[in-house]
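Shared between the two complexes below is chain A, which has chain B as its partner in the first and chain C in the second.
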Partner chain A sequence: MKKYLPIRFKNWFSFLLDWKAFLTIVVLLVLTLTLLIASISLGDMRIPPLDVMRVLFGGGEETQQLVITSFRLPRIIIAMLVGMCLAAAGAILQGIIRNPLASPDIIGITGGAGVAVVTFLAVFSNENNALTVSIHWLPLAAFIGATLVAFLVYGLAWKNGVSPVRLVLIGIGISTLAQALTTLLMIVGPIYRASQANIWLTGTVYGSTWDDVTILTPWALVLLTATFLLSRNLNLQELGDEMAKGLGSRVQVQRVGLLFVSTALTGGAVAFAGGIGFVGLMSPHIARNLVGSAFGALIPVSAFIGAMLVLAADLVGRTVFSPLEVPAGVFTALIGAPYFIYLLFKNRNL
Partner chain B sequence: MILKSPKAKVAGLLIGMIVFVACILGSIIFGYTSITFSMVIDAYTQFDQSNEHLVIRNERMPRALTAAVIGASLAVAGAIMQALTRNPLASPGILGVNAGAGFFVVTAVSLFSITSMQHFIWIAFLGAATAAFIVYFLSSFGKEGLSPMKLVLAGSAMAALFSSFTQGLLVLNEQALDEVLFWLAGSVQGRDIEYLLYVLPYIGAAWILAMFIARPVNALAIGEDVAAGLGQKIGLTKLSCALLVIVLAGGSVAVAGPIGFIGIVIPNIVRPLVGLDHRWIFPYCAVLGGILLMAADVSARFIIMPQEVPVGVMTAVIGTPFFIYIARRGMSMK
Partner chain C sequence: MMSRLQTESLTLSYGQDKVIDELSIRIPKGEITVLIGANGCGKSTLLRSMARLMKPESGSVMLDGKKISKLSTRNIAKEMAILPQGPSAPEGLTVLQLVKQGRYPHQSWLKQWSEEDERSVNKALKETNMDELAERPVDSLSGGQRQRAWIAMTLAQDTDTILLDEPTTYLDMAHQIEILDLLFHLNQKENRTIVMVLHDLNLACRYAHNLAAIADKQIFAQGRPEEIISCDTVRHVFGMECQISADPLFGTPLCVPYGMGRCIGGAMQQDGTA
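Take a look at the complex of A and B:
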């Protein structure tokens, strides 16, 4: 068997599929599906996996149907989409910044999206704690916030070029500011789902509805496809500006485009699940260990890993301490912070 | 440095102290309830149970003194940390010390139902020490040892970890949430004067000790080789520095909750002003730190009146541009 399988669509798109990567993706797909079934079946009401399958294919008892379709499924889908978005966003950022420690939460993009979301909820709430505009605009607001912060951080870090160290430091500064502003807005404004706001900021998919799913799904699918199509530009970005230019790549234009995709992905995730931390940092690293650093395989693999991380964090959060719910963000931080420290240790001589 | 001669430095410090006292008065006078200067004096000489007098004695005075003491302590803690790590961005907030103390206090409240202030202090000290130790230890790996970048990154990772834990605990125990939420926001409002009186002996002792170790710290700030060459016991100096940071930062967090950026802003203003001699840096930091926190606290009362902005938010808004300026300028201590 050959090592690579070339795939071509006429002249406009082609890439090499690594067989090892393909197999990894298949394995991950199976694992994700297993986790998905487990996640649907576990909870306050245990539903045996076979019954879960029955309900998913349109049968099953009425109570089981209700629990699965109204409560568990939307939440689980949101968890997976959010994980995918954050992981892809992290992979892009690590590619264009060329720093293994970059991720949307560490350089403040998640924080910016959070400020935008809280502002949106505060500005467009009425006295009855209901929104005066459609919630469909929420991801857009988050996207704008994320983008503004990304360019702010990038601009402030610019001094004859952007050094990764400066970028990360300034990102940390800006994300502290974003946290402060979010606290301020939560105190000042009448906020829709105010009681949840505090938990939401730690990152949770609690209370997701089918409405949320219908808004996030197209957003995520379009952007994830875009990320996948742009992955060959990412490969070039990672070689460094000079090399990429030499190979005929329009480095700056592509970098801005990729940055937009990354902030849009982060914005979509934050709009529905708050600041679930460290997923964007961890997933690409795990993926790199599995399939190497070519982005064609890296992006889908990190997306699967991101989905599994958030799904697992949410599953643990709602079952282990039942009937209480611990936000998924607590568990991603629980794994993520030590992982970050491990990365720091591994890159100690950089 | 702007103030070169010792005379100029003494004069500067005196002016600073006058402003400091003026800030305490200002903090008592300005606010939602209007109060005049003569009322303040009457409240302590001819107390008549009137609303204004009660506000002065029970609210404004404790608040002003708390802001003064906490601001001073955080600034001195920042100066010590920056000297110890030779990193101008080191400060209790950025290195996760505040978050560590916060997490320990919340754990104590929610898991062990501890609510007395006496215990809070020791638990906050313990939390501050744990976080400081972990961050310092983690960032010392590698060939170059303690690099500014690693210190900040390890600090922010630990801060993220501790605050997530805190959130998790609060979700699990809603009663604890009520008890500590006011405290977690980082504010000097509504603090009993007794809180302050509990920590004052420790913090006061730390201030005095800071003056005693200022000379060895000078040598340490130049480099460990230099300090060793001058015949100093480096280990002892470092240990006392760590102890002071833990008492100053831990004590501040125990009283006021996590308030960031004072420890970054003030020492970085003071160093260009008085040079690199910590015998001057420490007193200047104490005075200016108190002034900054009081000023931030007073302005926090007026921005969205009648509500108040938590003072931690104010210091973050003031401090972030400063942080970015230092990050852009590079990591030199000058």
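Take a look at the complex of A and C:
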């Protein structure tokens, strides 16, 4: 079989389909759907997969309908979207920083979004633990926090360009600072959800509602589409500034735009699931091993892997230790942290 | 002399340090121009500035009579390609994926693989003898193959003019010749204008139609190597004594430096003079 298939329509649309990447995406899609069904089916109340399908297509028993549509489905959709956002954000960062160690949590962007979210909750809640402004503003707050930190880290790491090691070191520093700030805000601030906030900072999709889904879905879809469309420019960024400029790309403008998309993706994810760690680091790496480093294939493959990681982490967290709920972030960290150390070791010469 | 690319009183500096001072040069169309000079003389800086990778302090670079600062970077990329020194590709990127990116200035969101793109990429792979290696990751190739992959990318860009900053650094002698032969062949066959920085004066004399020697922030001499290379030129440009003879194979100027070394019957004296 040929490896590539050129797809052309008249004179105005054309691209080159890489069969291997395409098949990988199809397989991942099937795996994600399987995991989705399994995730809906498993839990305190087991619902056989066939019944799950029945409910999804509008049938099924009333209790099953209730469990699935009110509790499991919003949570599962949020888990998938969050995983996709974090994975895409990580892939972008690794491209523009030209550093395999970059990811939104490691360089502190997630932490910045976390501070902003806790601040938002502290400032805008009343004694009854109710928000005084619409929850719709939460992703915006997270996004602003994420952006501030992104530019702070980038600026501090700048010294005739950004060296990978400086960026990671400064990012880890800022990230620790952000965590300390968040803890401080939770202790001293008039926050009535401290214990809840703490679990949430580890990263969890517990308690997601359809409201959350309706806010995050458009946010994520627009940004993921943008990421996919920008993959051509990401490819160029990875060749280095001079080469990219020589090929006619406006490197700096595009880099700021890409950084913006990456922080917006992170902000959206953190606003609804807290600091689920290492997904943005691991997913692009796994994807690169599957389809190579061209971003056209890398972005969608990373997104699917991210979705599966968070989905799986959440599934394990709520079923294995039931009736205890373990935040999904605990499991992503459990595999992510050793993975990060392995990457540090592998890239020790950078 | 036909010329598409030229500079007018170009002054380049790094901070306070002036590297090039009011330099004007015309790059002859369809010929190979080689910039030579001592380390730090500003030849690479000049080349990078011609490729708009560095802003001039004053003066300008002109492409077809227009200042390149007034042209869109994308339109320049359709006319002129630059291969910077020691480029690096991301881990795992295949040769084909790299070469494809040379088509960037000709593509858009919707048009990412036109028939013209396909033709140019295939042709570039063939000319550089990389078609057999198209599916290999760039980082798994040898130094010479890797440089050929990068050159294939600049060829796919389909430009009249190609600028290369020391395309032979880190290559052994056989691979240096292989790369320079390839560039010479492209110039002969397709009439492409090539401008490059080379360190090896003798190879520069062999391949260049037009040699520009940079010294004192200016062009010290420019022209056919056989017309401008003399002991005086080499002394002024490199600060070195030498003897110029003719290359036994090509007849082009061959520079043999004075200095120390084992002398087994030549004209050299023990004190470093001939």
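By our rule, the second predicted complex is superposed on the first by the 331 of 350 C-alpha atoms of A that agree within 3 Å, B and C clash if a C-alpha of one lies under 4 Å from a C-alpha of the other, contacts with A are read in each partner's own complex, and residues count from 1 in each chain.
Everything below uses one rule, namely that a residue touches a chain if its C-beta (ideal position, glycine included) is under 8 Å from a C-beta of that chain, and two chains touch if they have at least 3 such contacts.
Note that the structure is predicted; figures quoted are calculated from it, not measured.
The partner of chain A that touches more of its residues, comparing chain B with chain C, is B.
Looking at the shared chain after the overlay, A:Ala333 reaches chain B, while chain C stays out of its contact range.
Of the two partner chains, chain B is the only one that A:Ile172 touches; chain C does not reach it.
In the overlay built on the shared chain, the residue A:Pro323 is in contact with neither chain B nor chain C.
In the superposition on chain A, A:Gly277 makes contact with chain B only, not with chain C. Applying the stated contact rule after C-alpha superposition, one finds that A:Gly58 touches neither chain B nor chain C. By the touch criterion defined above, A:Thr202 reaches chain B but does not reach chain C. When the two complexes are overlaid on their common chain A, residue A:Leu344 makes contact with chain B while staying clear of chain C.
Residue overlap on chain A between its contacts with chain B in one complex and with chain C in the other: absent. Listed in rising order, the residues of chain B touching chain A in the complex are 89, 93-94, 138-139, 141-144, 149-150, 152-154, 156-158, 160-161, 164-165, 167-168, 170-172, 185, 260-261, 304, 307, 309-310, 312-313, 316-317, 320, 323-324, 327-328. Residues of chain C touching chain A in their complex: 48, 51-53, 72-78, 81-84, 87-94, 97, 100-102, 104-105, 107, 109-115, 117-118, 135, 137, 157.
Considering their complex, residues 101, 105-106, 156-157, 159, 165-166, 168-170, 172-174, 176-177, 179-181, 183-184, 187-188, 198-199, 201-202, 277-278, 321, 324-327, 329-330, 333-334, 336-338, 340-341, 344-345, 348-349 of chain A touch chain B. Of all residues in chain A, those touching chain C in their complex are 3, 6-8, 11-16, 98, 100, 229, 232, 235-236, 238-240, 242-243, 245-250, 288, 292-294.
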